[in-house]
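Two complexes are shown next, each including chain A; its partner changes from chain B in the first to chain C in the second.
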Partner chain A sequence: MKNTAKIIPCYSADTSGVCSALYELSGLTVVHDASGCNSTYSTHDEPRWYDMRSNIYISALTEIDAVMGNDEKFISDVSAAAFDRKPEFIAICGSPMPMMTGFDYDNAANEIQSRTGIATFPVYTNGTRSYIDGAADSFVNVLKLFTKPLEKVKNRVNITGLTPLDLPLGSDRLIRKWLAENDLECVCTLAMGSTLEDVKKMSSASATVVMSYSGLAAAEYLYKEYAIPYVCGVPVGDFSDILIKAVKKAAETGECIRSPFERNEDRGTVIIGESIMSLSIASAIGGADIISPLPCDEDMLGINDSTVYSEEDIEAVLGEKKPSVVVADPLYKYIIPESTRLVEIPHFAFSGRCFQKNMKDMITTGLGEYFK
Partner chain B sequence: MIKLAIYGKGGIGKSTCTSNLSAALASLGKKVIQIGCDPKADSTINLLGGDPVMPVMDYMREYDEEPDSIDKISKTGFGGVLCIETGGPTPGLGCAGRGIITTFSLLEQLELFEKVKPDAVLYDVLGDVVCGGFAAPIREGYAEQVLIVTSGEKMALYAANNIYTAVRNFEDRSYAKVRGVIMNRRNVEDEEQKVRSFADKAGIGIIADIPRSADIIKYEDMGMTCVEGDPECDAAKQFIALAKTLIDEDEKNG
Partner chain C sequence: MSIQKRSRPRSVLIKDADVNALFESGLEYNPPARGMWNIVHTGMLIPGAHQIFACAQGCLRGVILTAAEMFALDRMSWISVSEEDMFDGTLESDIIDGVCDILNKLGKRPPVVLLYLSCIHLFAGCDFDVIIDELDSRFPDISFVDCYMTPTMRQTVTPVMKMSAQLYGALKPCPINKKKIGIVGNDRPTDPDSELIRIIKDNGYEICDITNCDTYEEYLSLSEAFMNISYIPTGVLAGDELERRFGAAHLHLAARYDADALKDNYKRLCDTISVNVPVQLIADYALKADKALDNAHEVIGDTPVAVDYTAVTRPFEFSRLLCEHGFNVKYIVADSAAGEEESFEWLRSNRPDIGIYSAVNVNMLDIADETHEHILAVGQKAAYYFGTDNFVNIVVNGGYYGFEGIAKIAALMIDAYTTPKDRREVLKLKGLGCASCL
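Up next, the complex of A and B:
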C-alpha cells in the first residue's frame, strides 16, 4: 500500500489531465466511466467549465456493461455523439473499471473512427496515474494528428504543457505578453488560450518553451519531427530573463536546453511540486531543493532533490532536510515541520478550487506577492 | 516473427505442448520467448530444469513496485528460451485476467521485444477465453495465430469449440486467427475421428498429432521437455515437425 495519503490529498488523475489538455481543441473527449463522474474531471479539476463550453462526455458505464464487456454500447454511443457534435477529433480514455475489465481502447478507437470518419485516438488512462501522464499523451496525440511540415519562421515560439492544472487561468495571455516584450511571437499555447488551428501551425516555430512536465513529450515530438528545439522553464520572477536568453539561444543554435535552471546551493528552502515549475521558482529565488511528488525527468533534478510520491516519504525527506522555508501548495501545511515557514503557492492539480482566489500572477509581477 | 497463443481446456497439456514447441523452435536455431499466462505460473518450468522463474505478479507483490529490468522477471532456459510467467493474485482474490494485461503493459514498458528481438513468441494461456484479460494475448501487437490444444475427450472438445467461437467473435478486429488444432492424444476411442470432426466443422486443420507418450511424463519428472530429453522420441519428432512447419510458413509470409 505505497503512496497512501492520510492527510494530504492526491494530485489530479491521468483522466483529468486528458480532459484539461484537450479542453479547448474542439474535439470530443470521452471518459469510459460510470455516470456522475464527469464532475470529477470537468468541474472539480477544470476551472474553465463555468465559462467555456467543451465536449467532455462520460460513457455512463454500468455494472452489467462492465461485467458483460458490452463494448458495442460504448462504440455506438460515442459514434452517435460524434455525429451530433461534429468534433475535429475524438479522444477516448478510461477509468479503473475498464482497466479491470481489460477494455481494448485500440479496437474501440479504430471502430469509432471507421464508423464516423473522424480521427480517433485512445489515451490509456486508468485513473491511477497522475494528470501529467494523461495530459502528456494527449498533447502528443494531437500533434501527431494535426501538424504537418511548415516553413520555420524566425522568432516564433510554441508553448507546451500549459493547462489550468499547473498554471492559473489567464497565464496564456501573460506568457504571450512576456514573449512579445522580448520580440517573440507565440504560435500556440498548448493548450490554454489556443485553438486547433494554432496547433496546426506549431511546426512553423523556431523554439518551444515547456511550461510543465506534461508538455515535455510534445516538445520532444516537435524536436524529433520538425527539428524545433525546446527549453524547459516557466518565466517566473528573475528567472524570466535567464529563460528568454535560453529560448533565443535554442532558436538560434537548434539545440535543446532541457535544464536552463541556475541554482545556488541552498539547504534552507525546499519546494514541493511539479518539477519544471519548482525548478523555475528555485532559480528565481536563488536556490532551493526540490521534492517532486509527480512524474519528472530525474536528469533535470540535482543531487539534493528528491522524487518521492508518498506522504510519509515526503515527510521523511522534510524531516531529514529540516528546511526553514517550504514553498508548496497550502494543503502541505499539515505535514511540514512545525517550525518551518510555508510559502503558499496554490497548485490547482493538488488543491483544486480551494485556493483559486489566492492564485497570483507570477509571470509579470514576479514572486514577491507570494513571498512577502 | 512467429507469434502464437496456445489455448485449451485446463489440464489438457497446453504447457507441455507450448514448452516442447518452444524447445523445438530453439533447437532449430530460433530465439524464443515463452510467456506463461496462468496464475499457476508453471508454463515454463520444464524449460528451466524444474527451477521456476519468479512470476511478474509475485515480484510486484513482494517488492510492491514494478521491476525495472527484464532480468528480474525472466530466466533463460533450454536452448536459450527466455521464460516469463505472469503469475497472478493470491488465489481467491483480485483479478487474474487483469494480471495478464498488467504484465503485458509492463513488458512493453521494458521494451522486451525491442531488446530481445525474438524470432518466436509463445503465449501459454490459461484455459478458455473467459474475459478481457485472457483475450489480451490475441490482441493486436501480441499473438497473430492461435493454436488450440485438445484431445478427443468430450469436455476438451467442448472447450476447444468455445475457444474457437470466442476467437471468431473477434474476427472484425485485428486479433489473432485460429491457425489449427494440436491433437494431444489421450487414447480415447475414435480419438482422431472426434477431433477431426470438430476441426472440419470449424474449418481448421489438425496441425500436429502428439502421441500419448511415456517419454513426455518421464522427462517432465526430470524437469525437462521431451525435445530436450530425447529429440528422437516420437513425441519430440512431432513437436520438431510442427516447429518446422511454423518456421516455413513464417519465412514464406516474409
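Up next, the complex of A and C:
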C-alpha cells in the first residue's frame, strides 16, 4: 500500500518546515495544535532548540475549543503572546485538527494583525504534507513582506532553502566561505545564520543559489519580482566548481540555471533523498540515479530517476535497479537489498537526532569522508 | 480591543496565586527536557508488542523517532492519513487494509498489536470497534488493542492515562491467584526496598507488574492478580478498568509525601488484605525518612531548591515536606495544584515568597539564559529553567514510594548537590530509563 510503512520513518511534516524556515528571523510562529507538534518539532526536527531561542509555540488546542469553534481563544492567545514577545512578524500554521474544524487562517491572521499591529501571515499547513511545503511557503511569505526593490550589487549572492532539516548546522558559514573564496559576497542565507535585516537586502543580489527544493519558490519569487536569476545546487565535492561557474554565469546573463547538474550514465549507484542535494551529490560523484521521496521538480530529474514516496515503492525501485551502492540516510538500511552497500549520509529531516553526531561537513571536505 | 492589557506573566508568588488557576492558559512553550515517557515508551512495555500508528505525518514523526531513538523501529509501523482520507468515506477500511498490509509484510507474527488512532479519527466519527472486530476476525492469533494518540482530548482523559489503561488491553480472564497483587499504571518498577513492597511480601503475597515482565506469557499472567494497586495519578484508570474487566479490586494508594497520608495508605492496604498494620515497621521507615531529610539538609543547607511537577507527582506536597525539614524551597515549576490544595495553603502561609513558575508559559523561553543563583533542582524542567547541573534526575517519582522513597530522594538530593551532571546530555534523552542511540 502507498500510505503504509512497516519500518522506515516518515519525513518531517509541513509544520516543522514552517518553524525551521522562520526560526532565526525574529518572528513569532504558532502551530495551531493540541500538543505533540511542538515536542516533535523541538525534539526531532530542530537542532537549534537548546542553544538558540526562538518564539515558536503551540496553541494548545483543547477538545472543547475545537468542538465549539472557539477561534477567539487562538486569536487572543496569539495577540497576548505577541504583546509579551514583541516579534517582527507573526506566522500561523496548523495541524490536522484545525483542518478538521475548518479553521479560517486568513481571517485569524487578519484579526491578529489588526489587534497587534504586527504583520501576520498564515501558512496553510495541515500536518499531512512534508516539511518542504511548509518551509517553501514560509520563505515566500517572508520575502513578500520584507523585501523592497534595491539597487543590484554585482557579485552579491543570495542563498535560499537552507535549513538544518536539509543541511547540518554551520553550513551557512561554510557556504559564505565558499562564496568568498570565489569572490562573491553572501547577502543572506535564508534561513540559517541570517537575520531579518539580511532578508530585507536580498533584492540587491545578482544571483540566488537554491540549496534545497524548499528554497525554489523563494528564488522564483526573487526572479519574478527583482529579476534575480537563480541556480539550483549544493556545493558538495567536485560539483562545487561546476556550481560556482553556473552562479557567475547566471549573474552575468540574468538567466536562471535550474539544473546545472552534470551526470554520467551510472546504473550502479542510487541516491535517496531531497532532490537538489541528491542531484548535487550525483554530480559530485560522477553519476547516480535519484529516488526522490519528497516533493521536487520532476523537470530536474532524468529518465532514470524516480519520484516515489512509499516504503513499498522505494523498495520496488531498488529491486528493479539492483544498485551496487545506495547513498541515503542510515535508516534506509532496513529496505536496502542485502548485497547493496549503503553509504550513509544522515538527513535530519528523516532520521532526526539519531545520527546527528555522525553528520559531517560536506561543503568543505567533500564527500570522501562518507564514501570511505 | 487593545492587547496592552493582556501580558501573561510566567511566574507568581504563592501568596498571590489562585490555587484553582495558577496561570491563564495561552500559547505554550516546550522546554528541551525529554525525560518524561510518551505513549510509545509505555506501549513498548508489553513484551513482543508491535505498535501501528494511523495518523497524519506530523503526528507520526514524533512517535516513529521515539522508537528509532530507543532502537525499536522494528516494533513500529505506520499508516499515514492524508487530507482526502478524512472525507472519502474510507477511514475505517484504509486502516484495516493498512494494518493487514503491514502484518503481511512483517515477516513475524506479533502476539499483540497496539493500534493507535489520532484526534482526527475521533472527530471524524471513526468506528474503532468495527476496525478491531474486523482485524480480530482476520488475524485470530493476534490480540488487537485500541490505543489513542488524542492530545486534543487531554482535558477529559489524557493520552498518557488512557495508554496506561490500554496497556492491559490484551489481557484475558484467567483463574484468580489469591496470593498475587498487581501494581499497575507505572512506567518503571517500584523500588523493591519500599515499605509498600515489604508489607505485601512479608504477608506472603507475590507482586506482579508489567514493568518487570520479560515475556508475553508473564504479561498475560498479570490478570491473575486478585487485587491491583495504582499509586500515580495516571494509573487510576488502569486499575479501574482491570477491576471492571476481571473483578480484581482496585486500591489507589496515591504516592504521597505526607506521613499521615502514607500511614493511611498502609492501613487501607492492610485492611484490604486482612492483616495487621505493621505499626513498628512503618514507624521505623518514617524515622528513616526523617533522618535522611535532616541529613540532606545538613549537606545542602540554605541552597535554594526548585521542584518541578515532572519529578514528583505532588510537587507542592513534596515542597512542603522539604520546608518542614528546613530546606529553602524557592521555586516550584507547575501549572496546576489540583489535589494539593492543603499543601498549597500551608506553603502560602509559611513560605509566601515561593515563586511558582509555569512550565509552558511563552515567557519561560528566556529564563534559561538569565543569571540564576546556585540552585539545587528536583526534576529536569527545573534544572533546565534555572540553569543548574545540580539536579535530581527522576520523572514521576522515579519509582520511589513511601517513606523509603522519601529517604531515597533525599539521598539523591545529596548526590545531586555534590556531583553535578552534564545537564545538556542528560536532558536530551527521551524517556528516562529507556535505551537511547544518542
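What we mean here is this: the second predicted complex is superposed on the first by the 368 of 372 C-alpha atoms of A that agree within 3 Å, B and C clash if a C-alpha of one lies under 4 Å from a C-alpha of the other, contacts with A are read in each partner's own complex, and residues count from 1 in each chain.
The criterion applied here is as follows: a contact is a pair of C-beta atoms (placed from the backbone, for glycine too) under 8 Å apart; a residue touches a chain by one contact, two chains touch by 3 or more.
All figures in this text were calculated on a predicted structure; none of them were measured in a lab.
Undergrad: Based on the superposed arrangement, let me know which partner A:37 touches: chain B (first), chain C (second), both, or neither?
TA: After superposing on A, A:37 lies in contact with chain C but is clear of chain B.
Undergrad: Does chain B (first) or chain C (second) touch A:69, or do both, or does neither?
TA: Touch partner of A:69: chain B, not chain C.
Undergrad: Looking at A:102 after the superposition, I want to know if it touches chain B, chain C, both of them or none. Which is it: first, second, both, neither?
TA: first
Undergrad: On the A-aligned overlay, A:128 touches which partner chain: chain B = first, chain C = second, or both, or neither?
TA: A:128 contacts chain C only, not chain B.
Undergrad: In the superposed arrangement, what residues of chain A touch both chain B and chain C?
TA: On chain A, the overlap between the chain B and chain C contacts is residues 1, 99-101.
Undergrad: Going by the contact rule at the top, pick out the chain B residues touching chain A in the complex.
TA: 64-65, 95, 97-98, 101, 131-133, 135-136, 139-140, 173-174
Undergrad: Considering only the defined contacts, which chain A positions touch chain C in the complex?
TA: 1, 3-16, 30, 33-45, 49-50, 53, 55, 57-64, 66, 76-85, 95-97, 99-101, 115-116, 126-130, 331, 334, 351-354, 356-357
Undergrad: Per the contact definition, I'd like the list of chain C residues that touch chain A in the complex.
TA: It is residues 1, 3-4, 6-8, 25-30, 32, 34, 55-62, 64-65, 68-69, 73-74, 76-83, 85-86, 94, 97-98, 101-102, 105-106, 118-120, 123-124, 149, 151-156, 360, 362-363, 365-366, 369, 424, 428, 430, 437-438 of chain C that touch chain A.
Undergrad: Per the contact definition, I'd like the list of chain A residues that touch chain B in the complex.
TA: 1-2, 69, 99-104, 106-107, 110-111
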